[in-house]
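The same chain A turns up in both complexes below, where it pairs with chain B and then with chain C.
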Partner chain A sequence: MLNSVVLTRRQKIPLALRASTFVLGLTVGFLVSCVVLLMSGVPLNAIFSEFVYQVFFTSLGQSQTITTATPLILVGLGAAAAMKLRFWNIGIEGQLWFGAMASTWVAINDIGPENIRLPLMMLAAVLAGAFWIAIPVFFKLKYGVNEIIMTLLMTYIAFQLVQHLLFGAWQDPSTSFPVSAHFDEAEKLARLGWGNAYTGIWIALAAGFAMWFLVDRTRFGYYSNAVGLNIVTARSTGLPVTAVIVISVLLSGGLSGLAGAVITSGAEYRLTQFLAHGFTFSGIVIAFVARFNPLGIIVAGLIIGGIYTAGETLKVFYSLSEAVVVLIEGILLLSLLISDFFKTFEVRIRNLKGN
Partner chain B sequence: MEGFLINWITTFPNFAAPLLLACMGLIICERAGVLNLGAEGLMVVGAMFSVMIIYSGGGILLGVVGGMFAATMLSLVFGIAVVVFRADQVLSGLVVVALGTGITGIVGRAYTHKPIQGIEKFDAGALGDIPFIGRLVFEQDPLVYVTLFIVIAGWYLLMRTNWGLRLRAVGEDPATADISGVDVQGMRLVAVMISGALCGLAGVYLAVVSSQVWVEHMVAGRGWIAVALVIFARWNPIRAIFGALIFGGAESLTPRLLAIGADVPVYLMNMLPYAITLLVLLWPYIRGRAASSAPSSLGHEFLRQDRH
Partner chain C sequence: MSKAMELSGIDKSFNGKPALTNANLEVEWGEVHALLGENGAGKSTIMNVATGVYASDAGDVTLDGKKLKVTGPQMATELGIGMVHQHFRLVTRFTVAENVLLACKDQLGIRTTHEAAEAINAKAAEVGFPVHANAIVGDLSVAEQQRVEILKVLLLGAKIIILDEPTAVLTDQESNTVLEFVRKLAEQGNAVILITHKLREVISYSHRVTVMRGGETVLVGADAENLTAEELAAHMVGEQIMAIEPIDAEPGDVRLHIENLVVPNPIGGVGVEGVDINLRGGEILGIAGVGGNGQQQLADCLMGLADADTGKIELNGDDVTASSVRKRRSDGLRFIPADRSQSGIVPDMTVAENLAMTGVPDGQYGSLMSISRKTMRADAKQAIEDHNIMGASPNRSSRLLSGGNAQKLVLARELRDNLSVLIAHSPTRGLDVKACKTVHTSIKNAVENGAACLLISEDLEEVLSLSTRVAVMSKGIIVGELPMQENTREEVGKLMLGHA
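This part shows the complex of A and B:
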């Protein structure tokens, strides 16, 4: 049966087709998500009110969405930087943990003068995130080790390291909970005076525009596009393929690490046990929905941030598990992956009598 | 010390069995050319649904079968996406993990932390009293022996039957298999569903034998360890047995040490299974044997029109 379908790869994909399959994919994804929510006992008008009105059209909801979206935009940019070059960074959470640990280390040990403390924390986080991905990059390029498994396993190792610190050396002596000591005022990102939103959003937006400039306006961006499209051709035209991959992937780890510092210094004000949870998949979904376009990632980050915010509300009012967020993300990604089929291939049903 | 060693080694099969089951499923799937990264999600689904059925009074057998069935259905979604719609296999695998986590998070909320009557170990009587090997060989739970049987049967099916030859041909060179009359897409769908069933059984094992309770995050990365184990085993079921015993041994060390009251850094010890997996994973690559053992068409979609 499956063999009577004839598929032809499209040589050119018209913009209208690109747009319509994308819209179709998103629409189906959201519809299926609605059905799942209905089935879990959330009434239809509540779905609209929680997922659209409350999170995007009320001041409180908007500020919460922006707060949640801040680290999401950063991990989305990080995921895109690596995925674009066909390097699968499935260890975003691990790099985020390392960024969070590095910023906390700077903060609780009072490294450097207070007026440059925050920049130091950010820098330490970027370097730590880049370090944690440098190991899989090295083994991938030198020995061809599968980076999917390696980045992923290193996430679990990073998480256990955080646990080790939080239940040991870094535990806040004034509490029995596994959290680090509170940061000082000089180590906190300022609030915007609008809900919980904090200046981290400027960092995320700046990173988004910087990435856009890098990808769209520089020679490096041109090279990385070429490597992402066809590595063999890029290599045979003499492009510095290895350097492009190393720089992009380290950038991916660095951005993920930065997201960790933004969370510790802007949202939690200390290192906690679960702050990195779910960021790997969210980052990948955001990057994929935005088709790796840095400005699109800002928009996608805000949308996913809204879904997170709504998920929190559903958890409180409908006692739904927070896993509903990852489920919606999964449905969206699957729907987009399948709709891409109609973009990539021309589908015909073979005439059974003829050829 | 001797007592500790025997107690420790006796627990190896219990920790190795779920890894081995998932790994066996993944080997069949990858041998057909489909990279299935969804093991973690399939295991979660198997674990949760089996507990749900048993807790609701369905009985153990129905629980085991139901858990496997649920995971197989999820793998079918993955199979349709990657085989029929040619979706990216890596991303689709991650989708399976997300769907599995999401579904079990929502449905399983009502069954969290509710202990069930699971499967117990055999009491072999006199056989169990044989020094050193008695408890190791004769006093495991029934699923350990089923696992061993599945792996050996799987090896035979894959390496010694016509069906296995066709399946491997699909993974090595789908175009040639297609010309010889093998239904490439049908074969791949079947392989994906087998991996779903076996990963589901691995999850069932964790829930019904090991913990006898459902808790979110209880699979804790074992699905990913199984994915790594496939590479370590170089896509050979028999080698996977040794790999699973190594990883299972590393995993069971921490609870054993805690049981005798040893003062060890718990969280650093918890790193051990992942760290050992990582180190062991590097080995075939550094020796240059991983790439040459991988099925040639692993991760690539098949399109008859692409034949050349």
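This part shows the complex of A and C:
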């Protein structure tokens, strides 16, 4: 007797199946995460109260989740913009650093009149992020240089530059810490009056809806679909392949840079040397979980933001390490990817009768 | 003659889908028995039942008068059934002797390449064809490699030899050599089953034929001598398929003028090494030749996907050598690529989106900041109707289309509007007879309406039945050009061989 597993690609994927596999994947991911947390010494009732109740059902938790989610949504959108075109942007942090540096530069040098200072900071950040990814996309298209390596390594260059500035020219003269001077009031995004939440969330939501419009409702969106799904056909039917790739990738860098400005002007009020940490990975996870759908990215950004918020609490009260939070993020991503497999394929176990 | 193998009433289904229904086959000693049918007709399945790869759901296998159950490929080998697969199972870096040693060492009880060489030479002398035991397999021609495969099967003691499409990748002349040898094997008393979809081989080289269609054997053991190609084709597809009529059009203005075109091959090997072509409206110039002789680079360069090193391409009198794909397309150049799912359609987009692909950049489906899916769907509905694309609806994923219908989708997109020159590269590769006919008719109609067509194809049958002129491409150049005449097939074959 021989048991064999038969895989069949599903011809149609009904909405109910789509939804149920997603929910199931998320549930399994949370259950496995619970086991990890239990093993790390967090009591079961605390998991529920910290993870679910505190984060998503209390006003303070909600506001903190939204605060954390603000830059996450932006990097998620940035990751999706490039990955959709099969350009693997592993340098989101680098572009975010550049955005943070550019906004800080505008702020501490008081560039432009005060009433347009904030828009200027945002604009500078977008341009700086786009600039930092323009270099790898140029080398990729012109010489076929692998963008994964290049974007990744350029992150380190950006970080060294930040350190150079924070330990040198931009160091806050009033302290001996490696941080820049505090921003003025006109250079800060306003608080919403709800915990730490700030107007950056409107920027993130606006970016999400704008991306949705671009992808779903414009000619450019149609192009980027075709180029991402089959670049050879896109070329042979005469679509502007190179332009689509360049624009999408610059958009990816720009959004990542914008996330940097949102953090400096809305959360930190200065440039610090830790503010970009972990955003590449989170951005990719969010983009994947949402299947590159901009509106989905908003939701996924809020979920991952919640996990971070819960993680912060757990870190303080149960002395968990940062790694556990990243581990949970990874577990969720994996279980969603696995659920995707079951969505795409029908699995059956069959008895082959030997004779 | 007595029966070598008899399969009767074979049923086999996969996941509830019948692949074979009451299939019958009987092969006698000393005959070449053709097994004819289209892709998916069940030829491979019935042979897999015969060689024990699949267990049948019902039916009997009788070998040399004994009813038995073949439970696996190993047992098939022991019973003297040998299969030569379409894709050779040879290690190309090894010598012939080493390959034989690898495949037959246990059965023949040999341990060294020297012993293998002796066995090879003895067998080669016995059946009467030369094989160099010490030659590296990769250095041999495809036809010679085929011989090595056949020899391996013979060395394993096969008396019933199954050949799966042995001539699929051979030129006409090479095919003849292989098929003559196949006849000889039969004359020596073996039973040979020749799986094929080429009618010519059935008529010229087989004693009897069994035709399969949709998992059934619709013609069992008929004398091949008394059958015409038309009758065989009718059995194969279940209805009469008329041969395509010659093109009825006078050559018009020069549409495509190519001068001394040189295109490098990006992965090394043969590219285009200096090609001149003049193509007029109302003409189909067939470019015949064995694949890998620069055809892909020629097609890519004409469409604007690959840059030329030197040379000139003129479209309707304008130099388009350096023009973009988009410019060429708006000037009337269209393209049926060799690999549909790779470069013809985007399988994960809908039928409507695929049909709209060339129209979107021209603003047919909305301005820059909008996209009108409604117009797309309406246009797609029309195109699906006009071209009879089966199984398609505007919102359906193109991945779900069969090969023939995916090609109809490409045709529907490429043939519309101001078509001037059509580059058709292997337009019917992998399609069944009916779909071939549809594709050919569409191309023919377009040309009779004044378009020009460059038909690049490895399928000699296709080139000869459709073209008004035939050129042969070999090692990146056109080695000869012939008008259509009675003897073109042989002339073309000679040209293909002489420079291959």
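The rule is short, and it goes like this: the second predicted complex is superposed on the first by the 324 of 355 C-alpha atoms of A that agree within 3 Å, B and C clash if a C-alpha of one lies under 4 Å from a C-alpha of the other, contacts with A are read in each partner's own complex, and residues count from 1 in each chain.
Methods note: a contact is a pair of C-beta atoms (placed from the backbone, for glycine too) under 8 Å apart; a residue touches a chain by one contact, two chains touch by 3 or more.
Please read these numbers as outputs of a predicted model, since none were measured by experiment.
Between chain B and chain C, more residues of chain A are touched by B. Contacts of A:T58 after superposition: neither chain B nor chain C is touched. Looking at the shared chain after the overlay, A:Q163 reaches chain B, while chain C stays out of its contact range. Within the superposed three-chain model, A:P240 lies in touch with chain C and out of touch with chain B [touch as defined at top].
Of the two partner chains, chain B and chain C are each touched by A:T8.
Of the two partner chains placed by the overlay, only chain C lies in contact with A:N230; chain B stays clear of it.
Of the two partner chains placed around the shared chain by superposition, chain C is the only one that A:G221 touches, whereas chain B remains out of contact. Touching of chain A by both chain B and chain C, each in its own complex, is seen for residues 6, 8. Against chain A, in their complex, chain B makes its touches with residues 37, 77, 81, 84-88, 90-92, 94-95, 97-99, 101-106, 108-109, 183, 185-186, 216, 221, 224-225, 227-228, 231, 265-268, 270-271, 274-275, 277-278, 281-282, 285-286, 288, 290-291, 303-306. The touching residues of chain A, counted against chain B in their complex, run 2-3, 6-9, 36, 40, 88, 90, 139, 143-146, 148-150, 152-154, 156-157, 160-161, 163-164, 167-168, 281, 284, 288, 319-331, 333-334, 337-338, 340-341, 344-345. Across the complex, chain A meets chain C through its residues 6, 8, 11, 217-223, 225-226, 229-230, 232-240, 353-355.
Listed in rising order, the residues of chain C touching chain A in the complex are 15, 55, 69, 71, 303, 305, 324-326, 328-329, 335, 337, 342-349, 353, 357-358, 360-361, 365-371, 400, 413.
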